[in-house]
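Common to both upcoming complexes is chain A, partnered first by chain B, then by chain C.
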Partner chain A sequence: MSTIDERLTPTVSLAPATPVETAPRRAARPVLGFLQRVLLSDYFILYLTIIFFVVASASFPTLSAPGNISNQLSNMWPLLAVAVGQTFVLILGGIDLSQTSIMAITSVVGALFITQTLDAPTFDKSPLWGTLISDKGGILAGNPNAVLIGVIVMLLLGTLIGLWNGFAITRFKMAPFMVTLVSMIFFSALALWLTASRNVSGLPEDFLLLGKGDIVSVYFGPKLTPEIARRDILPLITYPFMIAVGLAVAGQFILSRTVFGRQMFSIGTNRRASEVSGVPGSRVIMLVYAFSGFCAAVSAILYSARLEIGRPSLGDGLLMDIVGAAVIGGTSLFGGKGSIKGTFFGVAFFVLLLNILNAMKLSPFVIDATKGIVILIAALLDITRTRLINREARS
Partner chain B sequence: MFNKLNRYSLVLVVLALLLTMVVTVSAQDGMTICFGFQDLETEFWVAGHKAITETLRGQGIEVLEYNANENPDRQLEQVRECIAQGVDGIIIIPQDGDSAVTIIGEAQAADIPIAVFNRPPNDRSKGITVVADNVSATEQAVEFIAQKALAKWEATGTPIKPLIVVGALQDTNAIGRREGFFNVINRYNEKYPGMFAEPIEVASEWDAATALANLEAAITANPDVDFLYTSSDFLFPTIRSVLEPRGKWVPMGDKNHVLMAGLDGDATACMLIEQGYVDATGVQNLFYEAELTMNRLLQAIEEGDTQPNEVLLDPGFALTAGNFIWQSDDMWGCKLYREGFLDQ
Partner chain C sequence: MNINIADNIALVSLPSFASKMTQVIRQRDMVTSAGQVAGQLQLKSGNIVEQPAKSLSGGNQQKVVLAKWLLSKPSVFVMDEPTRGIDVGAKYEIYSIIDQLAASGSGVLFISSELEELMGMCDRILVMSRGEIFGHFTREEFDQEAILRAAFREHGNGSNGA
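== the complex of A and B ==
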């Protein structure tokens, strides 16, 4: 787990970068010591995911079928993209409730720009009808660079909304919860208003590739017939994979290898002490919220492209998954602690959990309740881990 | 740099991957159908879900049920999960006509036949689509109350003030029902100029809370509404909660009675027509639609047709206060009502 840099904020209490290895008590009790080491490890959630997977596969063999694994991996990428941004915000000690509405608004705005057809009786109630959209589609319909421009517009819009959130938090000293809650309500409503509650379909093929295009596909099994069924050809490396993993790697790099990342941990641990030490708190906060908006827009691109529509309610009900994945991955809700690596494991755990709950044929209400309980357990584990780390640091 | 724990991780990852490669998925002997639906909040969907699952299981077919809880992206993931499990066929009730197109494409790309029950895709050229003729069923129901409205207008000379509670207009069912309503209103206004005032449209988004808020606002602004059509019967309790405090939820014969029609043919509508509060409802023949869906899908599976494309129409009919005595037995909601569905 990445932690605050000592040189930047000597006034705040520090957690060790790695667990202390030489506690005498641990030597006396090797099993307990091992369990403690596992619990404190950066890879704790990965171990849990693997154990969970192996045990569940014994009861539900389809879980370990290559097709299912490929499918679950494809479910991970859009969630990972948006969870990366949320992790950044949580490390600051904030929260971004507006991510789902940023997904919705960027989804419909991008789609309205690039759509190639629009049904007049359906869309003529949109305030954009006759200006940005018409029965010939969006303003970029037919433009050879439509997808590129549309994607840039989506990313810019997401970033600007995030920047606004950061500005409101720092400038007006408002609570992140309140600012992002208002943004969530406002931009959700705006997305519905712009589209008159309709989905925007007719998106260009090049855009759809971003959500489901394969780069490398694989086939497992003997070649018994001259032709392989299409369902047996599994996507392995896809555009969403490249985009989400690229974003995650960039995020991890920023967190662990840049001054900016260290400043984030510093602010998350103690903003006041950090600013006294020369960390530009407001600037860092604004940029982090902008990045969160950017990540939400990336996720909106992936979700919209795979669903083949711009959807004004895109992201509805996803907030628990986003925050949950980050928290399960070890990001502290109190700030100052977290990593993209952990969030990656958290997303994998969350997707696997959903896969298993579906395999158990539980109702969606039970599934949501279980997800909530798992997040609660993760938060409690985080408290336990922090206590253990502090105790070891003292000893 | 690999420390001890990193090495454990590596070993565990390798073991898990090995296990994945070793575990062979046993082929299922019988037929498996994946049934993905959105929610079961209304009587129509509860009855439809029951009809499909019980009939399929009765034939010895394994049914994998997935509830996407009104999230089309989740439904797409679930259908992909079904495909990965190698099901023989898929039946879906999609959230909207747009996502249905994507989901059908996903199933057909994997060579799995798919049928859409009652909520049709915007592009009906792909997949098996079983759908009620919403325009016709609505027209029949609204025609019945329009005739009563004509008599009232001729007696009083006061224009009738109509209101329609529309569904989520991403759903072609909602579009068809709205179209049917306006067809009747326009037809009467052409024949009897000035009979109907400008209709008031209230958005429900197929959500009772949204409908309640919007209907409250609309009736407060237009207390003289006397002609109401709801795009789904499941909203009658919501309508009642708005009209009753205003003294407008009264049976036929009372001067404050609002002429009311709906669509679906559920148990509540049956009861309300019997009690005289509601005048008519357009009926979707639910059991017939469920049977059509299953039979056509099973036929495609048997024939090895992986991409059956066909639209199967349920013509529907209107149950009215006028034909209730002899036609209520044909309505699925009345069967449920008489079986005590509303007492549960």
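== the complex of A and C ==
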């Protein structure tokens, strides 16, 4: 009993905690240590992209032509916008398969609202013919605020579908994979049904500006004539650039600086433990899926404006690019890890990869297979990196 | 818990480190406060901003859990088996922390299945058996045999042993 009594009079020694060695143990061989540092760096994919670009430019000179670079940059922005949302969901340890069909449905609905002309023989098979749409266009045709209202409708629709996903996942405790898979199938079918499988054209000029309006353009080459042909002017900073990068910066800020961001990482690492620690798990999850839907809608606006149509098959085949870009950028499919910065590099890497594969004139099947292999390698790399980081933490 | 120690400790009280309007975290405040609590508990760790909590020993992980709630300054603690699965040294430190908490005016409800630890720590012991309180002992009445008797529902023990 004496030992127990001793506890009653605590003799707390307030000696400072012995400092523990924090510097990671360097690998014995310097080359290995260097490789390990590069592999663990946040900028690993950026280095890889640059090396890739330089090497590939040597064999395919078109790659570094200003026209190509400008074109590839414009390919990046809509993908970046949607990948930001996917990154958020992946950090939670979930996945949003419905993003592509959210893009399709928002593209179609937005276009049907604001289109100025519709061809009767093709669209009279649509269930909306005669009520919301007619041969005079959508319900907002001729309305001075058509574009503004149309964009708001698209964003709202995307957010609501995302919110529904989040609600089903948290309220009914369904697997994110299942919920978003059902949403994907449902909304892509709905998009096809509403438009009778047709692309919706005749969008107002103001809307199209969102896809190609440029703020800073550059012209390379000699000035032979006083008028420079439009196709020779290369847009560098465009509206899509501003919108997508704005979204990405906001996303990075939320992730790294706000309470919400910390709570996301915490839920992604261990939902149960986070909820025990007072994190409002369901609320955070619902908001993240809503944000994912919002990002998909932004991306749909950029794509629709660029293609100048509302397209029911807009996001088809894009899912692999979205998840791939996020995973290559270091976001873990197991949750709790990821950054928008990484996703940005991942998007750049993916667009470049696609560009190179196209320049090699490979068949679409080979290109898809290559994309799959690259994502597989990225996932393996993620596991290796995690193992290395854990080993450093233990040593 | 792949998350670093500082974020882990601050998780419960995160909103108190953020401005109300923007929800932006004051990182420096957060790390300082987490560091203070970690120091108070003599958490044996490296850099709390870099080291993941899962690399700590069991006892130190338990201290991280304690630190989380200490930081949020509650007036009552409910501790369910706070010393399970940790070594003797860390156990002793946890006991000291609990004593300090009690001394500073917090109420502590200490749940345990280890009789010695309860008899050492508590002012009062309530014995639960089959979903109801079956024995009530104050410090002077602590007796290993009597408490065990109550736990096995043998009558006539404790001051008001049902």
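Things to note:
We take it that the second predicted complex is superposed on the first by the 363 of 395 C-alpha atoms of A that agree within 3 Å, B and C clash if a C-alpha of one lies under 4 Å from a C-alpha of the other, contacts with A are read in each partner's own complex, and residues count from 1 in each chain.
Here is the rule we use: a contact is a pair of C-beta atoms (placed from the backbone, for glycine too) under 8 Å apart; a residue touches a chain by one contact, two chains touch by 3 or more.
All figures in this text were calculated on a predicted structure; none of them were measured in a lab.
When both complexes are overlaid on chain A, the residue A:T343 reaches neither chain B nor chain C. When both complexes are overlaid on chain A, the residue A:A273 reaches chain C alone and has no touch with chain B. Judged by the number of chain A residues each one touches, B leads among chain B and chain C. In the superposition on chain A, contact is made by A:T62 with chain B only, not with chain C. Shared-chain residue A:S183: touches no atom of chain B or chain C. By the document's definition of touching, neither partner reaches A:T331: not chain B, not chain C. Touch criterion met: A:F260 reaches chain C, while chain B stays clear of it. By the touch criterion defined above, A:Q252 reaches neither chain B nor chain C.
In the superposition on chain A, the residues of chain A contacting both chain B and chain C are 18. Interface of chain C with chain A (complex): residues 1-3, 7, 10-12, 14-15, 18, 22-25, 27, 38-39, 42-47, 50-52, 54-55, 68, 72, 92, 95-96, 99-100, 116, 119-121. Residues 3, 5-6, 8-9, 12-13, 15-16, 19-20, 23-26, 64-73, 76-78, 80-81, 83-86, 96, 98-99, 101-102, 105, 109-112, 122, 168-170, 175, 203, 205 of chain B are the ones touching chain A in the complex.
Of all residues in chain A, only 3-5, 7-8, 10, 12, 15-22, 257-260, 262-263, 265-266, 269-270, 273-274, 277-279, 336-337, 390, 393-394 touch chain C in the complex they form. Against chain B, the residues of chain A that register as touching in their complex are 18, 37-38, 41-43, 46-47, 50, 53-54, 57, 61-62, 64-71, 74-75, 122, 196-199, 201, 229-231, 303, 306-309, 311, 314, 316-317, 355, 358, 361, 363-364, 368.
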